[in-house]
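Labels run A, B, C and D following the written order; every chain starts at residue 1.
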Amino acid sequence: MYDSITIKGNIVLPTEVLFDSYLTISNGKITSISKEKQDDSEIIDATNQYILPGAIDAHVHCYSSMLEGFSNATKSAAAGGVTTIIEMPYDADKLICTQALFEEKKILLEQEAVVDVAMLATIAPKDGLYQIPLLAESGACGFKVSLFNTDSVRFPKIDEGELYEAFKEIEKTGRPVGVHAETDSIVRKFIDNYADEGENNPSAHCKSRPKVAESTAALTVMELAHYTNAKLHLYHCTFPRIFDLVDYYKSQGTNVTAETCTHYLTLCEDDMERLKAKGKINPPLRSAKDMVDLWELLRHDRIDMVTSDHAPWTIDKKQATDIFSNSSGAPGVEVLLPILYSEGVAKGRISIVQLVKVLSDNPAKHFGLGHRKGKIEVGYDADIVILDPNEKWILDETKMYSTARWSPYEGMAMQGKVKRTFVRGKEVYNGKVIGQLGDGIFINAIHGSEL
Amino acid sequence: MYDSITIKGNIVLPTEVLFDSYLTISNGKITSISKEKQDDSEIIDATNQYILPGAIDAHVHCYSSMLEGFSNATKSAAAGGVTTIIEMPYDADKLICTQALFEEKKILLEQEAVVDVAMLATIAPKDGLYQIPLLAESGACGFKVSLFNTDSVRFPKIDEGELYEAFKEIEKTGRPVGVHAETDSIVRKFIDNYADEGENNPSAHCKSRPKVAESTAALTVMELAHYTNAKLHLYHCTFPRIFDLVDYYKSQGTNVTAETCTHYLTLCEDDMERLKAKGKINPPLRSAKDMVDLWELLRHDRIDMVTSDHAPWTIDKKQATDIFSNSSGAPGVEVLLPILYSEGVAKGRISIVQLVKVLSDNPAKHFGLGHRKGKIEVGYDADIVILDPNEKWILDETKMYSTARWSPYEGMAMQGKVKRTFVRGKEVYNGKVIGQLGDGIFINAIHGSEL
Amino acid sequence: MYDSITIKGNIVLPTEVLFDSYLTISNGKITSISKEKQDDSEIIDATNQYILPGAIDAHVHCYSSMLEGFSNATKSAAAGGVTTIIEMPYDADKLICTQALFEEKKILLEQEAVVDVAMLATIAPKDGLYQIPLLAESGACGFKVSLFNTDSVRFPKIDEGELYEAFKEIEKTGRPVGVHAETDSIVRKFIDNYADEGENNPSAHCKSRPKVAESTAALTVMELAHYTNAKLHLYHCTFPRIFDLVDYYKSQGTNVTAETCTHYLTLCEDDMERLKAKGKINPPLRSAKDMVDLWELLRHDRIDMVTSDHAPWTIDKKQATDIFSNSSGAPGVEVLLPILYSEGVAKGRISIVQLVKVLSDNPAKHFGLGHRKGKIEVGYDADIVILDPNEKWILDETKMYSTARWSPYEGMAMQGKVKRTFVRGKEVYNGKVIGQLGDGIFINAIHGSEL
Amino acid sequence: MYDSITIKGNIVLPTEVLFDSYLTISNGKITSISKEKQDDSEIIDATNQYILPGAIDAHVHCYSSMLEGFSNATKSAAAGGVTTIIEMPYDADKLICTQALFEEKKILLEQEAVVDVAMLATIAPKDGLYQIPLLAESGACGFKVSLFNTDSVRFPKIDEGELYEAFKEIEKTGRPVGVHAETDSIVRKFIDNYADEGENNPSAHCKSRPKVAESTAALTVMELAHYTNAKLHLYHCTFPRIFDLVDYYKSQGTNVTAETCTHYLTLCEDDMERLKAKGKINPPLRSAKDMVDLWELLRHDRIDMVTSDHAPWTIDKKQATDIFSNSSGAPGVEVLLPILYSEGVAKGRISIVQLVKVLSDNPAKHFGLGHRKGKIEVGYDADIVILDPNEKWILDETKMYSTARWSPYEGMAMQGKVKRTFVRGKEVYNGKVIGQLGDGIFINAIHGSEL
């Protein structure tokens, strides 16, 4: 019987690939990386395959649909090479804005998760700022807020004045604050206009949320971050100008990061007619040119992370004729890594090291998980994915683990396949999900001076 | 009897000073500028004095107090070397947001003004955008709007969605849109906080309107201008960061200008205790360092205009103990040019050519008056000021023409004095105001392709 | 019998990779690229292998050693996946600075080359500028000059005054002028200092050519380009600051490109003790940090080309104890593509699309070959390389085709191997060189308005 | 009898002007600055006149013509409001490149100077670097070198290799190194071309020294400064691009300053026909547009200093028909301040504070005199100029104190006149020069850590 296991293959380190090398795992940790086999441990032969750090999907909504939950979302994650998800605080039935609710959700997590989970908290629209230090104490990896009033109860807008105060409180915790950045009054005005005129076909969704709604909101929160010194993250940025504005703030020393999502890299408004409500996502799909330009930014290291914004609506929420009557969002945690590999690395647009940076290294660092996750390094959690760069396959929505059972990427031709996934040394996927509910644990975020 | 008059002195042209030269006026226009006397016209000897183009105060509220009106405000202007004012559309009793109201005010103007007047219009908070082309047709030199809800009726906030639509309409007219940029929800939140805590001393006013309220609003409207291509003007900018942000947008090709006001260059929050409500102005006075830094920006040509934001409240509006219960603003049209000369040119901080640029040339150009006003050039309106650079005097609020009868600058030691003011060749001030009601006319703005 | 051949594999286009696709060649040209097989032509199955455009090595000295010549250098090229070389005008026995000598060398080329060849000309140090238009007429793809006096006859410095005149003449031809940029007086001074002090060990070579010698020379010629509008290329740039300076000039609109070489990406001054004179190259190897930083620049698309600076000295020129008594340079055309693939793409530092940009697309465009070479596109020359990304091998200097028979990279562990090379549709390498002398042709450069 | 004297007027401080204030002098130092008279000292009434710190002309050649010497050059200085000159080390009969020669010249200085003098040293073209610390020890305020070989003995080029070593040595002393920046080989080439073609009319001088000669040399020495950390000064920069390049280096942290001269601000190549050899100056006069643009740079604080490059050739050196046979340079120390006031301040192009910055404050700081000279501040040397801003006069070359007895500015209409000059409290000019030989002293420069 073996104490440890060793995987042989092309190991993707933070700055380069080690060919034909050996990675040894013991007690859930990476214990050696070398050109030679170190001991007599069991060998997994992954020659000519990549050994990657597990992806960290920093944007997952396990409970936007109560059917999904940690159990299904994390199975889907495991199958997609995602070894840690960062869970959003907007549950279908409640806002996770108090320590009590946060702790309760943590208990659920430890019972149901198959991969590891870090959790965001949010704040109540009024009188809730005193909970911020308590939520940090409970290990929230950050705070999520919105400038768009998705739903006054379930996903409310926080007014700018309140937000300014919130940023000051959050800054004291060292945690990042992430924002859904769309200016409510612009989107409202436009949706009303389209409603008044009865224009409710799929592409009306894109037109009703103009780019300026996204950029004005992004500017507002970056300016708040500039004044409060809070660590800011911009979720789901959809077009290049946002990243230009982010770079302007970075050049001033503002602590800001920004992500885009799989769908903005691979789908665009021209797909709306085909996808119908399956393409209804907030913010909306943009132009074909934006899609191409986002790849250029990614190639130039100007995008900090790529996430899925996994929103596992069942198909009945996506079948209204009036596009505005459908839910927004799409499932995606299971295809984040495969699509970024296939469309990015295999198609020669980005290097494998860049993929690891935006899927593992950066999300770990920015959300306080960098002390144990995000890279292949001795002493780190053995969150490992084996990916075969040569295997070709067709993306099939019926084979996915999310309860959604549909995908906007249905039928996509893929190159490169996740073969096995390990979470802290335990194999959770080997072609099918073999991890158990409870295999995943809550990851306590550690920020700044706590390190 | 003379057909024309000739003034001899140091003539301030747009890029340099002509010493001991002769400027001739005929039929209200400048007809010659030369080193030699051209004809036998009457001579005004202003040797060793400056002959300046009249100042254009782009920010005057004649009717914030109904007592003031065009008659008193323009007398005050004449006495201060201001030969054209740009009148705001926020009258104490109504918003100038329809063609009818605009035309009515024009009639009043032609009866009561002593110097020339151009007029801004505004828009109703809802359903008023169709008036924009009509107001342009009536000769509005631009549109003024606010992101701060000073008063829901008299001076309302326009929501961002509505504003985006308004910018698109205004852009079609070629007119600029000027904005009072303070984010309402931040100011509200802070005023409420101070009210709750009973902190209502003078400096609480400054604290209740943090810089971030001003910068977030400025960013929002610059972003709208970026997307709509509208010509934007930012009123009363109070600290350097705003001008940095403006330069960032200018570097992207956005059409934006920004002004500061006399008070931000000469007063600061440390003066609040002394000035009390006389120093209550929106946005508020900032730090002593900001004041010094604004001069540096002015010296580097990074501020487009300086204005007075003339708000001629009578003293009874400035005597409440609770700082928040006082009106905001201060009179200033009469001291705009003298203070900028004394504190700027005489103190060696800026050159006389720079003064003319920010007080005459730039305001004329940006507000569509550049075809006849803003510089000393043959063919231009003979709007002329004679200023003695050596005369010293003490600023005395009791001698001013505004009905306010008080000044935040009371007692200031001044160097350089306006001796005579001419509007289209007619002398309106020679130590006292000698112009008549009706001497001033409405100036029809001409923009872009209309030229 | 087949009219045409079809290769199936992963085709590397200028902006992305097409998986499992078919490339058809007919009459030396690429005739189709598609997802489906187009006709019944012979199939070469390169599934899971890359189909690349042939590399263009823009910096090859076939005649620095007369033993090498076109025949050996181009065999070496063929074996390394280089389908076009750009030949330097500094032959061991003469400067190619007249039309007569250029035409004579072209004849030799057509007899002896195995792959295609474009040729640079140079100018005589004095009184030779009238030859510039004649050399352009003969199809020189550009001009090469030096600010370092390698050898007064064979490789002379052109003085700055003469160079300024030369740039003006060259500009008229639309051809680029490439420069060996090291300031002669600085290098001379330092070599003399080391000679005086008897310090002549291998690393003395690096110290005798300080970075400032390279940067001052680069600045001088970029400034000449700025004033003359000449198209400038900087050869063999060795450290990041040079590329920063290049970007500064690019931002001003100066037409300048810059290359680095294989050795600056993989070797450094710490290797001098091991390599001895084999590491003596001008400019010299720099620090280990520079080497790492050059990869970062390459990843950010800030380096236009990578070349070999192939200098095939026989080993007897590399055996003097006094480092200064050895010849400078090393052979490299055969390993340019394999090393950039192995160290760059396979190690995850750059993407395959970036490799093609710096090895094929950019050199073709900048040197006037972009009308027929540099990318896989229908109608282009069928210069094709098949590369197996998975094959591992050890670099062995005894197996190379250059007459040098040594390599500074001896023993390097490689991933990825060139399997077959085609020049205009004719296979010239299939594991061994099978091309014949005369298979290569002279490529007439076409620049700017000639297109 | 009075211990001290007090001057009443408008005192120009480093950042603003104090009106109608009192400056008291005692024992050669400024002892008080105040709004009120402090004691019963004698009063000089300069009401409505400026009280300026004496100008520091950082670029004076007292001995390019042996007739001039310290005595005449410093009388000329006193008459022009220059209270300190910085003397060049290129005497007609010798290079001041050794401590012995430097000390000898210091003795002469103390006997003959009427105003204060700081002195530069130079280095021998070969084998002279060991003198650098000795010259610093003797109080040299900096080192001057040239990249143009004006004269192999009297004013030689230092080769780039030697210069690099010199910069390293000079850096250790904390002293600045100033450079005459023209690339010798370019100027040589062009002069030869014009000579060959017999084109030797006045404007041929301008054409023979193209801008690229100046900019390439400036770049070379800035790059040397970048690598050695030496404090660099660029003398007599003639066109805007040089200042752009300087700003690029400043933005990188390189310690570099740059001056322009009176003549580049007021004369241009179009004046050559009129001026003939009187306009022959190195580097040459440039275009009318450059002249205008330099004023813009000055206004934006982008030029560190303005100097005269006083070269007091007698008229016989300026009468050859062949322009190339004349000496280069023109006298100017006496008109530096008057011209900058008249053309700059009086014409409204710059403010009086800016004039003081470029004529007094900056030269003092950069050349190690800032501990006692360059501004009006209590404790500083009482180097004072009284200037009447209103007086008009015509520049008359026959009234000047230099032995040159001619001026390129002859007949210029001036506004603003120097009325009185004080050096360390002693009046040296009151309409005529009343200072005595020996009134001036050597000023020992103090740099960096010596302070």
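Note that a residue touches a chain if its C-beta (ideal position, glycine included) is under 8 Å from a C-beta of that chain, and two chains touch if they have at least 3 such contacts.
Chain labels with UniProt names: A, B, C, D = Allantoinase.
What you see is a predicted model; the values in this text were computed from it and never measured.
With centres defined by CA atoms alone, the chain at the far end from chain C is B. Once the centre of each chain is set as its mean CA position, chain B and chain C turn out to be 64 Å apart. Distance from the chain C centre to the chain D centre is 50 Å, each centre being the mean of its Cα atoms. Between the Cα centres of chain A and chain C there is a gap of 43 Å. In chain D, no position touches at least two other chains. Pairs of chains that satisfy the touch definition comprise A-B, A-C, B-D, C-D.
Contact residues of chain D toward chain C in the complex are 159-162, 164-165, 183, 185-190, 210-212, 215-216, 219-220, 223-224, 226-227, 248. Chain A contributes residues 10, 12, 15-17, 19-20, 48, 299-301, 345-354, 356, 390, 392, 413, 415 to its touches with chain C in the complex.
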